[in-house]
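One structure, as structure tokens, below. Some questions next.
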Amino acid sequence: MKPKETAEHYILSSSPHAHSRASVSRIMLDVVIALLPTTAAGIFFFGMPAVWTIAVCVSTCIVTEALCRIAMKRENTIGDLSAVVTGLLLALNLPAGLPLWMAAAGSVFAIGVAKQVFGGLGMNPFNPALAARAFMLISFTGPMTTWLKPFWWKTPDAVTTATPLATMKTWFAAEATASASPHGLCNSACTGVPGLLDMLVGNMPGCIGEVSAAALALGAAYLLWRKVITWHIPVSFIATVFVYSLFAGGAPATMQVLTGGVMIGACFMATDYVTSPTTSKGKLVFGFGCGLLCMLIRQFGSYPEGCSFAILIMNALCPLVNRWTQPKPFGAK
Amino acid sequence: MATAILIIAGIGMVAAVALAVADRYLSVKEDPRIGMVTAELPGANCGGCGFAGCDGYARALVAGTAPNGACAAGGDEVAKAVAKILGVEAAATERRVALVRCCGTRSEAIRVGDYNGICDCNVAAMTAGGDKGCTYGCLGYGACANVCPKGAISVHDGLAKVDKRLCIGCGKCVRACPKHIIELVPASATIHVLCANPDKGPSVRKVCGVGCMGCHLCEKNSGGKEAGHFTFQGFLAKVNYDNPPTDGAIVAKCPAKCMVEDSHFESGH
Amino acid sequence: MSYYLVILVGAVLVNNFVLSRFLGCCPFLGVSKKTETALGMSGAVVFVMTMAAAVTWCLDHWLLRPNDLGYIHTLAFILVIAALVQFIDIAMKRFAPPLHAALGIFLPLITTNCAVLGAAEINCKQGTGFFESVFFSFAAALGFGFALVVFSGMREKLAHANPPRCFRGIAVALVTGGLLSLAFMGFSGLVKLPY
Amino acid sequence: MKTVKSQFKFKGGVHPDYNKELARDKAIERMPVPAELVVSMSQHLGAPAKCVVKAGDFVKRGQVIGEKNGFISVCVRAPADGKVTAVEKRLGPAGGKADAVILDTTAKEEGAGSGEQGTPILPPLDWKTATREELLKRVEEAGICGMGGAGFPSAVKLNPPPAKRCEYLILNGAECEPYLTADFRLMLERADRIRVGVEIMRKVLGGPAVRIAIEANKPEAIAAMEKAFADIEGNVEIVVLPVLYPQGSEKHQIFATVGRVVPEPPALPIDVGCVVENVGTVAAIADAVEKGEPLLERVTTVSGDAVAEPKNVLAPSGTKYADLVAFCGGEKEQPAKVISGGTMMGFAVSTLDISTTKTTSGLLLLSRKRVFQYESGPCINCGRCVRACPMNLNPAEISKAVESDDVKSAEDAHVMTCIECGACSFGCPAYRQITQLCRRAKASIRARIAAEKAKASAAAEKEKLKSQPVLPEGATRGSK
């Protein structure tokens, strides 16, 4: 008596029945591709320690993601490449030469605590890589602020050094209290400051991925061309930093932009979809907030670099920014 | 030591007098039920109900803007007490429970399309009328289960079933079902026809192995038309719940196998 | 002027009451599901903490210290704050119904809140002047409100998230709060607070 | 008469693959009347027509078989001679069931010499001499409704309330849906009919300015319209719109052509002085007036990579999809999806045993490689849907809210303004069913509003019955 089903059914779905064929994994792949120039630059300047850090971070992130999904009894999501992006971004935000177990611990924190606890991709309130970096900065302050010199193997007697940012910090501090002329101060502090060309190509101490502004700009241009990101956040972020440092004194504005995490932060960290606003207006506000907080921390805070904290705090504010920058519907009063 | 005790006591006295005076001369008259409800609530101010403290919840309850029973800390006891104060207790009537009038599981009722969409009957029904061959039957995407406040409805094998023991007869599922096949029936009724397809027998058979064909056998076996246990709509038998049949023997005699006795109905959980 | 700015920045960002001192965690978790409620709660906290600071300062400086009774200040403060909140509640309902409608429902929640008492305690311990104390409490309450509103925005977003079963509800909120606290550590050293 | 470029660009929109080359060069072909027609009583927006025939009746081509049933409704006429074999509920393309008349067109009524060809069904009118009322009545009698998709009764549209004046008559020739070429072919082949239709409508609407909106990817159509309208008098312009989906949406077309913004529902285009009508409808109005030919057939594009010969078919409404496909050479391969309408807003159907209506603009058979599957992946907040939404909504927030059963938030995010154009889902990299989630929210909001209305009217009823004065709420308060 049982009715027989026909061999093949048509697919029933709600419209639209056309798709642009964009996909999450393709977007993530684009981010990885955009990060390749700066990865290469980092390896070029810092050598094998950079390679090891990147390898450990990426592989640990992938493994952690897989284990978390198994523990949660949910489908495996390694294929969307988001764990690769997180691992790579985290590694690029670490100093080369960091003990590898620390890099691994940071990666576990990034995926395990900052991402999968909330249910995985799309749910995390904070950028996983930055949350992990903040966690590491507080837990392993010493190793996290010990920097390899570029081409350190050529000067075996002085392998580590201070970053230009730390130097700038002393500038701010000196300016605040100094009775001597700023010019004189500059001269005394200028020993640790790289030239403009060095800052552009990345020939200065710093995190693996943040030193080469040119490579980062190349990657950002690729992302803009692929329409993975829009211009709003990077431009408003960098412009805020630039304008602020023009008026605040201290280090020159170009140096504030080109050193430290501003470039990688503005182009790759703050533009993370999940933790940034969706509307153009919201993105402009978000970028402005990141730039302002970053400079406030740089000028007044106890950490030399405020970029990651600034973005994290703006991540927290993102829902409120979103709330107050909702688009007005077409035809609404 | 004595000064300390005196001062604390003094502060207490002053505060008490001030509050007493304030309460006497400044207090605003309000619905006394708010105070009564607040007294019944646990007073933990845990905020678990989604309101700012027990007082906020009490106000919302009295204003009728909050559902009773949101206080997890107080539980059923409190909910009952609150209901008593608010006078929302319905007069004692016959308990009614929801019944899904379909028994076409995936193996019995054919599907005519590969549905690729969100799991909700209402939108599935908007997509080519749903993927079930029988356009009257349960789609099994759980719109009813989603709205059930008691978790009494579960979907198995593409078919929603109500657990009679958990159902409180609120009727939310009745309104949620896009196919309008859920109805509230007396909990005491034991025999049900689980089909809603009024089409002729052959066209029902084309899409479902357990659909009612309107053969009237159930009516005949339960004492004929005069007994009035069944009504018919098109080629579909319906139980007359004002006068439901009680003889379980007719169930086995249903050639379409769409008639069930209570046990089936309760197996939802 | 700049001294008050330092107090403000210090209490709102650097030593945030919730995120750095971990005071007032109960309403921080309890009333942060919706931004509207969080805003109301913040208003109530600002109001009560400022009032409480003024009253407890007077109590401390005019009654307890002259009688050498500093050691019972905690007890006395709780008593006075509780009575004060009740009194404000009644008076507000009578004289400012709209304000009561906005803030009133939150008042009972903070009758014996540790943040309110904590601010009074800190003032007492530091022995600061009247205006300083009141301003500090006001700033601390602003900081509390800021953290609460930010957190409520995140929790509204979390309501649409899909965490693993064991982390649902308050667990994931606590993790978020922890990460928020981590982010706020970036502000450390922004100003050198006197306390 | 002049041709201008659109001055106004709306925000959002997407660029799907148009795939129009499959059928754009195929001239309109008339299909022989199939043996069986299933004529639905609900071919338009509004109340379904009331069926006035029963099984066993013989009907003539053009005879009224369903009467207009309410203000927003149109009549249904028999598309061919035949015998009514049954009147029963049949599944329509949108998934709803409606009464349908099943006609056997092979059966001949004994004795009666079936309708002589050439005799007009309704007396032809000269639009120049006919009055406005006569013309309106004719549009209504002819059963004409918008043929672009929604099927809004044309007679209602052409007769706006006296307080509202129509300043612009906009002809929708955008045809922004992928695959569809029916309107394009119509503009090429029946430009003269469109012109007559425009003159009739202009007369009925009291002489508004005319804007003919055509997307820039149809230069032949623009040329044909330029030729047909070359010597027309009055304020007539052809507006060339940039190629962008959903350019054919009423609200967006009004903005793109005349720069006016229709407010949120329940506002209608007439509230900003505009009437928009599809080119097919305009041609049908011309036929109804000049030739006395009611709306009995329409051009439907049968296309897709699983059809042997994609064609633009002129078929009687009520033709089964299976017959249409057979007329186009059958299936080239097993289709994985069959769509009634275009790929952006059309309805997927489960069977070819469904019939065309006055609004069926296309029938697409897509093979497996043209079909994608939705996934319910998590939203990554990329903002593509926000940028794509032509209504300037935030589809990401709406979809997330609906997924967690928070319809209230979706309503606060203006989900009721959504036009379901599908631009959000089209670009979603997580392949989320955003449009469907919006539909779900809209359905439940509509249900809630209906329930509230019912409750309110019930309460009002109750209030009337109560003769006793009700104790005011404050009366019990006070004593402590």
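Odds and ends about this structure:
We just call them A, B, C and D in the order they show up, numbering each chain from 1.
Assume contacts are C-beta pairs under 8 Å (C-beta built on N, C-alpha and C of every residue); 3 or more make two chains touch, one makes a residue touch a chain.
Quantities reported herein were computed from a predicted structural model and do not represent experimental measurements.
Hopping across touching chains, the smallest step count from subunit A to subunit B is 1. With chains reduced to the mean position of their C-alpha atoms, the one farthest from subunit C is D.
When the C-beta pairs in contact are tallied for C-D and for B-D, the bigger tally goes to B-D.
The geometric centre of subunit C is 59 Å away from that of subunit D, both derived from CA atoms.
Centre-to-centre, using mean CA coordinates, subunit B is 39 Å away from subunit D. Per-chain CA centroids place subunit A at a distance of 49 Å from subunit D. Centre to centre, using the average C-alpha position, subunit A and subunit C are separated by 33 Å. Along subunit C, residues 162 each make contact with two or more other chains. The residues of subunit D that reach two or more other chains are 347-351, 373-374, 378, 403, 433, 436, 439, listed in rising order. Listed for subunit A are residues 9-14, 119-120, 123, each touching two or more other chains.
Contact topology of the protein chains: fully connected, every pair of chains touching.
The residues of subunit A lying in touch with subunit B in their complex are 1-6, 9-14. Subunit A makes touch with subunit C in their complex at residues 71-72, 74, 113-114, 116-120, 123, 125-126, 131, 134-135, 138, 293, 296-297, 300-303, 306, 308-310, 312-313, 315-320, 323. Remark: subunit B residues 3-4, 7-8, 11-12, 15-16, 18-19, 22-23, 26-28, 45-48, 50-56, 59 touch subunit C in the complex. Note for the complex: subunit C touches subunit A at residues 35, 149-151, 153-154, 156-158, 161-164, 167, 172, 175-176, 179-180, 182-191. Interface residues of subunit D facing subunit B in the complex, by the touch rule stated above, are 91, 93-97, 347-351, 373-374, 376, 403, 405, 433, 436-437, 439-440, 443-444, 447, 451, 473, 476-480.
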